[in-house]
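So that you can tell them apart, the chains are marked A, B, C and D in the order they are listed, and the count of residues begins at 1 in each.
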Amino acid sequence: MQISPEQQTEIDEARAAETSTRRVVAPELEEILYQPIPALDHGFVRVIDYMGDDSAIVQAARVSYGRGTKKVSEDRGLIRYLMRHRHTTPFEMCEIKYHIKLPIFVARQWIRHRTANVNEYSARYSILDKEFYVPAPEHLGVQSQVNRQGRGDVLEGEEADKVLGILKADAERCYDHYQEMLNEDDQGQPLDPERSGLTRELARMNLTLNVYTQWYWKIDLHNLMHFLSLRVDDHAQYEIRAYGVAMLESLKRWVPLTYEAFDDYRVGGAFLSRQGLEAVKRMLDGQDVTKEDVGLSAREWRELLATIGQADG
Amino acid sequence: MQISPEQQTEIDEARAAETSTRRVVAPELEEILYQPIPALDHGFVRVIDYMGDDSAIVQAARVSYGRGTKKVSEDRGLIRYLMRHRHTTPFEMCEIKYHIKLPIFVARQWIRHRTANVNEYSARYSILDKEFYVPAPEHLGVQSQVNRQGRGDVLEGEEADKVLGILKADAERCYDHYQEMLNEDDQGQPLDPERSGLTRELARMNLTLNVYTQWYWKIDLHNLMHFLSLRVDDHAQYEIRAYGVAMLESLKRWVPLTYEAFDDYRVGGAFLSRQGLEAVKRMLDGQDVTKEDVGLSAREWRELLATIGQADG
Amino acid sequence: MQISPEQQTEIDEARAAETSTRRVVAPELEEILYQPIPALDHGFVRVIDYMGDDSAIVQAARVSYGRGTKKVSEDRGLIRYLMRHRHTTPFEMCEIKYHIKLPIFVARQWIRHRTANVNEYSARYSILDKEFYVPAPEHLGVQSQVNRQGRGDVLEGEEADKVLGILKADAERCYDHYQEMLNEDDQGQPLDPERSGLTRELARMNLTLNVYTQWYWKIDLHNLMHFLSLRVDDHAQYEIRAYGVAMLESLKRWVPLTYEAFDDYRVGGAFLSRQGLEAVKRMLDGQDVTKEDVGLSAREWRELLATIGQADG
Amino acid sequence: MQISPEQQTEIDEARAAETSTRRVVAPELEEILYQPIPALDHGFVRVIDYMGDDSAIVQAARVSYGRGTKKVSEDRGLIRYLMRHRHTTPFEMCEIKYHIKLPIFVARQWIRHRTANVNEYSARYSILDKEFYVPAPEHLGVQSQVNRQGRGDVLEGEEADKVLGILKADAERCYDHYQEMLNEDDQGQPLDPERSGLTRELARMNLTLNVYTQWYWKIDLHNLMHFLSLRVDDHAQYEIRAYGVAMLESLKRWVPLTYEAFDDYRVGGAFLSRQGLEAVKRMLDGQDVTKEDVGLSAREWRELLATIGQADG
């Protein structure tokens, strides 16, 4: 993570400014407000602003005149009830805004979630910094032959060195050519005063997909949880999961009761299909069940057994 | 507006609780936070929470590390530029949450705006209060014969009395029957302990459309301005415009620079069609122009002349 | 259901007009195109148009140049895989449009789903018909004392008669007064040529919530399934479930493979929480488990046992 | 545009398959269904499916039982009225689906419109083709010094050659390294059977932003027009405008009456601010007006004079 001294000063000043408000405040989240939480080699996530806390969910569910909360145990019970029964609208009443720095190929996955507001740093108007993601060696996964998505083993030795060398050299060369075409140095001065520069909106096309971009991203709590449930999942690509994990921490500080319910009813649970449920019922009744009995494919059967903790003997 | 003493106490307590925050604060809006602004005979609008202020728009547009604001004049210039060129995403970075009490027929118009989050008081679970909208006599518009939408003249004398009598008597009778079917009095006690009550989810169907409901409604600044531009317009029904006008006041307190730009570039301006623009150009060149010259219908021509302040002679 | 002879003629003409198209066609759905499927006493659902079929999901998932389908068994496998792993975007590539006639109180529940396009018949511009929903006696549920939402027993005898009498009389009286205030008869002629009429936008407020309205409603397949999974559920109010059930039939005709997967992976399955899953694992390992062991409330424990088919002994 | 013979066969087969339907059909659009319309050097736009036509807008606005159309002149009048008064919901009742091939940097601009459904070709699962955008020499704009966005002059001679050389060489080298890291040739065979390949989800990060991707993109007519009004505008980057222009053609074939209204009331017209309108009124009244009189900045004044066709003398 590269925060320039100038940027750090801006962050420190924003953190130092405290004001009085009548709004609900989430003290644990205030503690880390504006502070970058690192993700990947140069990326970060910063909470910039938020609206509401656990009590605001209760307040909205009750359409209250006052703060809406009663005893913590009652609030907790209501929040768990809402989560369990998928009453999503009260969770939409809280909102959070992040500043995120991330590689472009991660940004392209991220933006597929359309239920957020986004302001991205514009490479039409401005020049991107010379920062690009290079994986740590332990993340250089080998393409699996059975499963097109996952990473199994990891490249090692010479093979790893070669890949890392390519990634660095190509990103660097492309970036240097970007500057050359723009005819601008790091300070925005012409490299060659005799030459014209290509427009920024065109020059950017020479950059590689691991160059970092950044954006402001604002989302309501319900949709944030949906995003996180997909992005902290084992099936998510490591590079986006790194951001999901960093954001889970902010969720926990912001709305601890909701976080707990989210963990129990979304992250930690599992969905059983009609056939999977039928198999479980029969097993609990002491029957021997085969995948054919309930009509599951080999793959689904394997997944079911893994879910319910039964060895496939 | 009927706020019970109990509700007023809740509001007062919420207003009294001040806490320290690192977030940006809109002091003018804090002043009226939680306070009901009256609309129609029993309705209101209350600001419950907000995120951001004018500076947050600038901050998002610049994807800043710090607060993002420079001089007020620069901020003002940027906000006006964004508004003029319809760069909407920075305005989406601010959010506001209202508690609104409104007649059901107004709620039905309102909900057609889908870009907000809503939590409505549930008449499946709870019992609605005995409150219904009856127009003030000066709003009893007569159905126009030329324009199916507007209100021209106003009913008077006996005719007005008759309408008001009907509205009151029918709403009241329907509400009393609602309670009778529920077999519950105002305190939730059985009217007749020997009888069963009809489910709430069914009994509500006997209520009239002027009964008041209430909801929490949360929206970003861009979509709020879109909503207001439609709902404070002359073509909007008076009963929803009353809410729009009340909310304009909160907009002004929240984001004064944005409010000014909104007023100049949305509310106070006008769109000219290709043909309308052509007509204006010719007029400015000193030509005599007829509606046939530019291909406008009689109605569009009339509207154009009204827009550009030319009498239709 | 009241379809006037004039409306029936319009429907018949639309059904009779066959044209050639290069688009994919769903023959089973074409069979019922435009035909009203009854729901409640005067309501209906009609499919007006659709885009895509099962093959279009496969085509989008593969970003194909041609039709995209291979063998039916492969298409079925892919659709089930997409449904199981919540890859929702290919299902968004199909779209359907309905014409629906429904009571206003049902419309108010329905509209809470915001991911659809809606054109409602306007009571500002037009006059609503004299049609209102009155439940069949077997649906006159008694308000449950334990569960605020559900219907347990049913009103009978005199109590039922009384409720039905109220509902009919109030809806009728309110409608008649609506016409009187409008000063218009069923043919749009003045009841009294000497009087002015109240504007339609105001007069409508005197109507009861069981009056029928109608709208065109368009939604993509993914969001339709989400809507249906909530609305054919046991927890949904009977009056909206009646529409959900009618629409399931159109889903089956439109995209039979998707319907099957939807039934297996959404409707027929169940979500187990972290604690519920833990309990099942222990049971399968032959342990005695109590709700305290896994930290479930009495209510959640009861729900879990019901889900996995174990009597609560 | 590179369509392989295999792809062309698939397209031809899809075009050849004609079926009977009861739905409304847009004959002019059927003519070009599935056919790629070229955009940029290797990109295209193909219409894959559509729902509705001009008559469907009328039908939805009227909530009709039948086709909804009357005389063409009446339909035209209603469509123009709806467009003029921003009644957007009837236009949302038509839907269109495209298959689009476009450079990644264009895709990143495009996706900022969130009101569409998207299925992108997955570079996590699949390997991208070796195709990248290189601008034609006449589009090699020079970065403007006054306006950070636009392109003024064009690079020429050696400078242009140099830029084109860089763009080609870097894209090619990065792509070759992508294949090398994947250890796969164009036929998906290992380049070196002794080596492992890096996962696809990682290797893609070495590609440049001018590499082509493709997606299925589905949108309703209202949102399509909003997209097009922004993207065929002079301020839009040439590379995305090229797609906008190609799509305008499909709009015209699909809904000719709507296209005409769109052209008159969106594309060809102009919005005047409160101050701009004031200036026009005064000019028409024969007054001499300065920008100070109405409170416009120099830039806004210049824009206003250009809009109303008055030389800035």
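By our rule, a contact is a pair of C-beta atoms (placed from the backbone, for glycine too) under 8 Å apart; a residue touches a chain by one contact, two chains touch by 3 or more.
All of these numbers come straight from a predicted model, not from anything done at the bench.
Common neighbours of chain A and chain B under the contact definition above: C, D. A count of C-beta contacts for the chain pairs A-C and A-D puts A-D on top. Between chain A and chain C the centroid-to-centroid distance comes to 34 Å (mean Cα coordinates, whole Å). Separation between the centroids of chain A and chain D, computed from CA atoms only, is 29 Å.
With touch defined as above, residues shared between interfaces to two or more other chains in chain A number as follows: 89, 112, 118, 120. Against chain A, in their complex, chain B makes its touches with residues 3, 7, 9-11, 13-15, 17-25, 30, 33-34, 48-52, 56, 59-61, 63-67, 89-90, 92-93, 95, 97, 99, 117-121, 214-216, 218, 220.
By the touch criterion given at the top, residues 84-86, 89, 112, 230, 235, 263-265, 267-277, 280-281, 283-285, 297, 300, 307-310 of chain B touch chain D in their complex. Chain A makes touch with chain D in their complex at residues 103-105, 107-108, 111-112, 114, 118, 120, 124-125, 133, 135, 139-144, 148-151, 153, 155, 159, 163, 166-167, 170-171, 173-174, 177, 180-182, 195-202, 204-210, 237.
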